[in-house]
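Working notes for the structure below.
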């Protein structure tokens, strides 16, 4: 079956990202397709490559990046939510005159239309949030 | 009177940072001293310089930076919380082998002891959070 | 329809709203802090029992219950446990999924 | 002592916990979404009235009430409004401040 | 709304419900939910918007945000009608529990093309059983 | 805990209370509150730690987080005794409302230097009136 996920909270503060990640892995293990993972609200904070969690803790951004590489997942940060919160890729940084970007490998930035489209194209859309 | 603030949530998602900012301004207007503003949990996300909110919206990181410059405020991001969430200054980035940093002017990164010390040194400690 | 509740009913109104607005026969999955609603000896045990009378089915994510020290024998009668694979099966076997955030 | 509540009592248990554990004579300031507790014609109006009987004083941040369309005449009797300056004064005039997050 | 251009529907029409349960301003969910609905309007889908629990405060008349330094986005709800989003449901019990009535909420209208462009109310007061039935028939429910 | 070195106390002793009202793991507040308390221990202050509402779940015995991929930090509460933090209050009504008793919580102890290093329980079950009185006498209350 074709599934999409919506992740509405950043890593660590709420369990949402952990739950979504474990759900995604379990779905892939069962042979389902993950059509898209859309990150909205504080969820865009999952897309940073600058996190340095303690050695004995999980690194959620990295886990998502690795899962994306392994399964060719489409990880999308909402552009409006990302801009508000300081998550930028190289192009966005240049366009807004910022001297750095911070997006992690495997994530891309796009519009909210990608969420609606995921809802239309997928058999199920599951939301993880606060 | 000497006041310190604790801000536990990032900008936009919760009103905490807005409330703390307006409280700080009102306190300064009344002639009180702000000994320190300590940012913990997702509060560290206030310290990014990469945010690009819509033109007609407030830019909270920038408002804090400006207030700090005007009144020589001490804005401290908790180092452990900041590392987990990908908020780094130049030194932290170098130390952890990251290729970019994202902290805004007027903020510094330090330990949780700075929160306790603020509690001891200030007449009041006011918390803003979720 | 599958309803997902991830908050403690002691802290928030999400479970109450879910039970109020879930059609008879729906499935309700408790995850994250929501699992504490499934403990047998609180007022929410009774709320779940009322739900079962109108054919609601209750599931608890076992990993989240274990994390909070809620052993299986503490769960209210009639509540089933699922792992993440079972969570996936619940999602695929119901046409619509609503998370009560 | 000054207690600050920033959540709607319809959604969360923060106000209830605050009122349960605030000593008689304390001040309670409602800010952010917490202001909706001060509307006169809900069950929380009664809860505030009970609090006043044990000498709790209730304040509402006027800016937050205005943002949510709660005009002053909607507020429960006995609730005082303050602006951010008044918020500062409440903080400085009480020895300790607790935010019920 | 450049995202709208991609369509993405491929002719599929699904029933999307946007369920709003939070007060505005204390958190960003109300605003960012409205942003989703306005984008969604460009896709040819069957849209319902629900205000229940504290979500009913999102439509309060007379919101004045000048003091809190945030943008008052409540006027933007009026745009829903321009996009023919007219299935806007208010849960009656949530409204009553808060001591409110429809008169306390801003009027939201749309113009009915099939009825000589008559202006009609988009707001529908529904009891919880009716709302439960509406929820049960959706393909997608997004909760904010 | 290199921050501890700066002391910062200047001889002032204040009553600090750390109030925990949230379940663990669903949010980070329980963990990050414990981190604050462990740092605070190095400052010479008068510390109380309260578990009320869903905060009582933080001390549940038998927490097993392997399945959720998060670190089980509940063993770290045992360190509180090593720092002579022994005023740990559990609100009785919160515990009972959740169908729990002290037996369901991990034992926390400290060694009393003034009583031949006897091991004593740090957990104090308090009713709400007693807890209200304790709160009222604090200088700083941090709520997580």
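Letters A, B, C, D, E and F mark the chains in the order given here, with residues in each chain numbered from 1 onward.
Methods note: a residue touches a chain if its C-beta (ideal position, glycine included) is under 8 Å from a C-beta of that chain, and two chains touch if they have at least 3 such contacts.
Keep in mind it's a predicted model, so treat the numbers as computed, not measured.
Between the contact lists of chain B and chain C, the overlap consists of A, D, E, F.
Shared contacts of chain C and chain F, meaning chains that touch the two of them, come down to A, D. Rotation angle, chain A onto chain B, C-alpha superposition: 180 degrees, expressed as a multiple of 5.
No other pair of chains shares as many C-beta contacts as A-B.
Averaging C-alpha coordinates per chain and comparing to chain B, the farthest chain turns out to be C.
Distances between chain centres, each the mean of the C-alpha atoms, put E farthest from chain F. Mean C-alpha position of chain C lies 28 Å from that of chain E. Taking each chain's centre as the average of its CA atoms, chain A and chain F sit 35 Å apart.
Chain C has its Cα centroid 26 Å from the Cα centroid of chain A. Residue positions of chain D with contacts to 2 or more other chains are 6, 10-11, 13, 32-33, 63, 83-84, 96-99, 101. Residues of chain A in contact with two or more other chains: 12-13, 15, 19, 22, 41, 57, 80, 125, 127, 129. Residue positions of chain E touching 2 or more other chains, listed in rising order: 21, 25-29, 53, 68, 70, 140, 143. The chain pairs satisfying the stated touch condition come to A-B, A-C, A-E, A-F, B-D, B-E, B-F, C-D, C-E, C-F, D-E, D-F.
Residues of chain D touching chain C in their complex: 10-13. Of all the residues in chain F, the ones that touch chain D in their complex are 19, 21, 29, 52-53, 128, 131-133, 135-136, 138-141, 143-144.
By the touch criterion stated above, chain F contacts chain C in their complex at residues 21-27, 53-54, 57, 60-68, 70, 72, 97-99, 104.
Of all residues in chain A, only 12-15, 18-19, 21-22, 56-58 touch chain F in the complex they form.
Interface of chain F with chain B (complex): residues 1-4, 6, 8-10, 12, 14, 16, 28-29, 32, 35-36, 39-40, 42-43, 45, 140, 142-143.
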